[in-house]
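What follows is a pair of complexes built around chain A, which joins chain B in one and chain C in the other.
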Partner chain A sequence: MSEWLESAIARAQGINDWLAPKRAHALELLANTKWPTRKTEAWRYTPLRPVERTQAKVISDKIELSPVAIADLSAIELVFVNGQFDQAQLTKTLPEGLSISLGGDLGSAQQANALSVFSTIKPERHIFGLVNDALAQDVVVITVAEGVEITQPIRISSLLSQGAESHTRVQVALAAGSRLTVIEDVQAQGESFNTAFVEYNVAANARLEHYRFALQTGSNVAIGGSHFNLHDHAKMNSTIVGFGSDLSRLDTDIIHAGEFADAKLNAMYLLDGKELFDLHATVEHAMPNGKTEENVRCIVADRARAIFNGRIHIHRDAQKTLAELNNRNLLLSDKAEINTKPELEIYADDVKCAHGATVAQIDKQALYYLQTRGVSRSKAQVMLNFGFINELIDLMPNAALAEWIRPIIRERFAQMEVK
Partner chain B sequence: MSNTKSLLTIKDLHASVEEKQIIKGLDLDIKPGEVHAIMGPNGAGKSTLGYVLSGRDGYSVDSGSVTLDGEDLLEMETEDRARAGLFLAFQYPVEIPGVSNLEFLKASVDAQRQARGEDAITSADFLKEAKAACKQVNLPVAFLKRGVNEGFSGGEKKRNELMQMLLLKPKLCILDETDSGLDIDALQVVAEGVNSQRSADRSFIVVTHYQRLLDYIKPDFVHVLSDGKIVKSGDASLALELEAQGYAWLQKEPAEDELEG
Partner chain C sequence: MTEQIDKALAREYEAGFVSDVESETFEPGLDENVIRRISEMKGEPEWMLEWRLSAFREWLEMEEPEWALVDYPKIDFQSISYYSAPKSMKDKPKSLDEVDPELLRTYEKLGIPLIEQQMLAGIAVDAVFDSVSVVTTFREKLEEAGVIFCPISEAVHKYPDLVKKYIGSVVPKKDNYYAALNCAVFTDGSFVYIPKGIRCPMELSTYFRINEQNTGQFERTLIIADEGSHVSYLEGCTAPQRDENQLHAAVVELVAMDNAEIKYSTVQNWYPGDENGKGGIYNFVTKRGICHTNAKISWTQVETGSSVTWKYPSCILKGDNSVGEFYSVALTRGRQQADTGTKMIHIGKNTKSTIISKGISAGRSNNSYRGLVRMNPGAEGARNFTQCDSLLIGDQCGAHTFPYVESRNPSAIIEHEATTSKVSDEQMFLCRQRGLDPEKAVSMIVNGFCKEVFKELPMEFAVEAGKLLEISLEGSVG
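Showing the complex of A and B:
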């Protein structure tokens, strides 16, 4: 076990709140978990040295930080600063049918309900998920009442100041037939360490639109997960945009717990310098007639390293499943690295399942075409790289978010090419 | 015409693709405002000529010279050739998903303006021009928002090429089998677009297999390209002659092993 984990466990033992049984369970599991090394399959290409060496510490002094503004996006703001829920920044008037509360403030029935769901969607195998179970300070619970459509997106921002460590946790429950959009965003300044996990329970016929932005770069350690439980006819559409850092690791788990659920996941990451980004996406088709479509695209420049592990597990009862996983990667330099591993495990015999992973360099024909129109080679490269990602941005259902992220990505490409 | 300065001069050009010589001593002189048709059988090197002139990777010039407006074209990068006024309308334009047609068109126009020392055009002004160009080539304005050529039909791709020509206003346009895959209506639209761009300071090389296109775009000169060189030149009537008689009478006694080419 590492020193870092030992000190984390020691800190967690002091916490006594409504989550006590869950925290105790997590600590028990952690005590029996080996610190991952290169021999640990889930961490094979992602060394934990940045965790072992981090200087980030929990900062309890109150620091004023607010999330960046996004033009034309009127979101319900939910803000964590250095791991603490900032009640003052929570949008004052919430639409009817939506509730956002600290788990500790809930009435006993609701609390018991929240407790019963806590850490049941996020699988126990995520070591930092367990750390988050044990250490997340302010657990926020969001619920949408049956049949209610919340048109305003909720933005969950986890903000970190220089040198801060934070562990944030949110639980989201969409009751039957409800609709909700959630944006998860971590913004860190300077060196920092965070774990940010969100669990979503999407009841029958409910619809979730989800975004996760992991745009912090530099000497940040950012580890997190978005975990989804889909019931009958539930639908989700998730978009993930990531830039790398010293260590960026994201786990998504999509569980088809009901029939006829429909999941879309579009993930894109763009890495530069010596950055690392690791996405582990797992889909469990436990029930029949489910549908999953995953598109993961990655551009790696300089000496950066990208890892993608896409697992689709189709259980014996999950007949008539349709699952597609497509992973395309572009390498911009000889020293850039991509480790991609699509994994299909199929135990049902009547399913349609396809996967593909490609690693390529830029399309020479397209480059030539742009040049014949007078566009310089370097500018053409930027355009083509951008286009590769822009195809997925075009699929983002929220236009304001697409308009916001597009220039940020364009800027990043311009920087990648300048070197 | 004879004392006018040439726009394009090709002298004894030899060029290869992957070590195989395709252009074998080609001469061509084009003056401003002229329309030259290059016809010839498949495999004669018609498309290769356009690729060589535009500087495509893998197409190497073994000997000979090419000047555009007196400048050595072969010394320039592909993008600089475009900026110098060369435009190649492709037979098979590539699809570039994710890059919007509008963005692509504006980047092209801006790159060429920049090369001339002009400022980038404002987005609003450009949109106006692009919409007008769409109308002229009979493409719905929605095509500006789509990925470059993405999912376009053959005819739509050709019209998109034409639209680029309208916006870039080149000095020399090479139309590489622009008629292939077009029905008669699309052909007329393209031909009208080309004809509208004919002017005293713009020249065209119309590469085609069939005479049909030349009913709509009247050439000043017709050349027959066979086995990498021009074997016959004449006026528009040569095209009709070819249509009637085919190419065989112009290919003089090819060696046995070249017959299948």
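Showing the complex of A and C:
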């Protein structure tokens, strides 16, 4: 076990709040968990050295930080600063049918309910998920009432000051037939360490639109997860945009717990310098007639390393499942590295499943074509790289977010080419 | 229709007979003395014994791999006998006429054309019975061409320099748990050397059979194709039907020098155990080849047997422009478990690899493809294409794909595709409408599914493989 984990466990033992039974359970599991090494399948390509040597500390002094503005996006703001829920920044009047509250402030019946579902969607195998269970500072619970459609998106921003350590946790419950959009965003100022986990329970016929932006770069360690439980006829559409840092790791789990659920996941990540980004996407088809479509695209420049593990598990009962995973990767430099593993584990016969993965470099003919039209080589490269990712940006249902992220990504490509 | 399938699935293992051959078998157990005795029986030189012992010491420190998607009770390595030889082998036969007729009948039952058929088929065979090589046919004719094809135990004496130089050069002693075990206790196997610029005049073939009870088979094959040479090698395996599990841990090493080509084909039909998973062979095999400049290694395998399979024939594409190929059909039924695939390690420039894997699962079996494609930083312009297709027959089986793709070179191109499907009702309906019974229809559909692989097999094997698949599939229409 690492020193870091030992100290984390020691700190967690001092916490006594409404989550006590769940925290105790997580600590019990952690005590029996081996610190991941290269031989640990889930961490095969992602060394944990940045965690082991992090200097980040929990900062309890109140620091003023506010999330970056996104033009044309009128969101309900939910802000964590260094892991603490900032009540002052929460949008004052919430639409009817929506409740956002600290778990500790809930009435006893609601709190008991929140406690019973806490950490039931996020699988226990994520070591840092367990760390988050044990150390989460403020747990926020969001619920949408039955049949209610919340048109304003909720933006959950986790902000970290220089050298801060934070563990944020949100629990989202969409009641039957409701609709909600959630944006998860972490912004860090350097040398920070954070774990950020969100669990979504999407009840029958409910619809969730989801975004996760992991754009912190440099010497930040960012480990997180978004975990979804889909009931009968539930629908979700998720978009993930990631830049790498010293260590960025994201786990998504989509569980088809009901029939006829429909999940879409589009993920793109763009890495530069010595960055690392590791995405583990798992889909569990536990029930029949489910549908999943995943598109993962990745561009790696300089000496960066990209890791993707896409697992689709079709259980015995999940007949008539349709599942597709498409993973495309571009390598821009001879020091960059891509490790990808699209897995299928299938126990039902009447299913249609396919995955495809490619690793290549930009099409030389396309590059040549643009050059013959008078576009400089570096410009042409940016254009082609951007085109590769832009296809996924075009699929983002929220136009304001698409228009916000598009120039940020374009800017990143321009920087990649300078080197 | 299910009934028919069940009936078909209940077919007997045709190679499950036991030959009544008097044999000399070691007491079960494994320690340094056993290794010394094996070495002594073989009259091996000192360096070979030292090599075995150092492998054994390494093995003691190693742990059994647990990452494969297979489930079996822990093997007690002390309950296995590590040497068994037909008694009549003591005075080695000089020619076929002197071989124990019972042994020859065994091979006849297996349909190995040892004598006359040989002439027609033109295949030179090295047959390995339990732990020793029984007979190698067509030696003279091969010697004329300068080709060496003999039991490895003989090669240790006759060609020590070659053996010393290449044994363990592709699969190092401590490569993995079972390879290390094999290094320590290997009993026999085939040795092939094709001299520079020679195209081996006939197909070479080895047939392996485990006959004795409680024995393990640890054979070792070493094939060296010198510069510009060409060889096609076939391998077949069977074992009698027994209630207890038997271990087969082989190592195959291929060396393809500059411009050489090796084609290695396997039809593996070890006893798969009964419907409830009782008995059967544990097939834990390490196969690997190294390709030098412009060389080519092609692995083709048809896997229908064994209760547990753990096998990843691989290519190290070290030389520029070298080519690796892997064509595989793996069929599992009953309670069989197979975790098989390949590794293609691209080191040289413009190296190319193709992987075509067809997995068919029926009954309560589990069939996994596990593969690795790695492009090293120097693999400029390297290319890989991988296709893994799975076919499920019945709703109690599983088909899985675990491909690892690692690229460290921007000019390398990797493509991976995988699909999973079942024999569709429409396909069946169409066939039945045209008067085919369900069994025939399934067999036809499966054959079509595997066609890309079968066409890579040498003619004689392609027929055998097709037939094997047909028998294995009888009645598994779901």
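Here is the rule we go by: the second predicted complex is superposed on the first by the 419 of 419 C-alpha atoms of A that agree within 3 Å, B and C clash if a C-alpha of one lies under 4 Å from a C-alpha of the other, contacts with A are read in each partner's own complex, and residues count from 1 in each chain.
One rule holds for everything that comes next: a residue touches a chain if its C-beta (ideal position, glycine included) is under 8 Å from a C-beta of that chain, and two chains touch if they have at least 3 such contacts.
Note that the structure is predicted; figures quoted are calculated from it, not measured.
K.L.:
Would chain B and chain C fit next to each other on chain A once aligned, or clash?
P.N.:
fit
K.L.:
Counting residues of chain A in contact, which comes out ahead: chain B or chain C?
P.N.:
So, of the two partners, C touches more residues of chain A.
K.L.:
With the two structures laid over each other on chain A, which partner does A:349 touch: chain B (first), chain C (second), both, or neither?
P.N.:
The second partner, chain C, only.
K.L.:
Regarding the shared-chain residue A:358, is it in contact with chain B (first), chain C (second), both, or neither?
P.N.:
Touch status of A:358: second partner only.
K.L.:
Using C-alpha centres in the superposed arrangement, which angle lies between chain B and chain C as seen from chain A, in steps of 10 degrees?
P.N.:
With chain A as the vertex, chain B and chain C sit 80 degrees apart.
K.L.:
After lining up the shared chain so the two structures overlap, which partner does A:40 touch, if you call chain B first and chain C second: first, second, both or neither?
P.N.:
After superposition on chain A, A:40 lies in contact with neither partner.
K.L.:
Could you say whether A:389 touches chain B, chain C, both of them, or neither, answering first, second, both or neither?
P.N.:
A:389: touches chain B, not chain C.
K.L.:
Quick check on the superposed pair: does A:84 touch chain B, chain C, both, or neither? Answer first, second, both or neither.
P.N.:
A:84 contacts neither chain B nor chain C.
K.L.:
Looking at A:379 after the superposition, I want to know if it touches chain B, chain C, both of them or none. Which is it: first, second, both, neither?
P.N.:
The first partner, chain B, only.
K.L.:
How many Å separate the nearest C-alpha atoms of chain B and chain C in the overlaid structures?
P.N.:
So the smallest C-alpha gap separating chain B from chain C comes to 15 Å.
K.L.:
Under the stated contact criterion, what part of chain A meets chain B in this complex?
P.N.:
Those in contact with chain B are residues 363-366, 368-377, 379-380, 383-384, 386-391, 394.
K.L.:
Spell out the residues on chain C that touch chain A in their complex, using ranges where they run on.
P.N.:
The contact residues of chain C facing chain A are 67, 69, 375, 377, 390, 392-422, 478.
K.L.:
Under the definition above, what is the set of chain B residues touching chain A in their complex?
P.N.:
On the chain B side, the touching residues are 54-57, 77-79, 81-83, 87-88, 90, 93-94, 96-100, 103-104, 107-108, 111-112, 115, 147, 164, 168.
K.L.:
Under the stated contact criterion, what part of chain A meets chain C in this complex?
P.N.:
Interface residues on the chain A side: 41, 316, 319, 329, 331-361.
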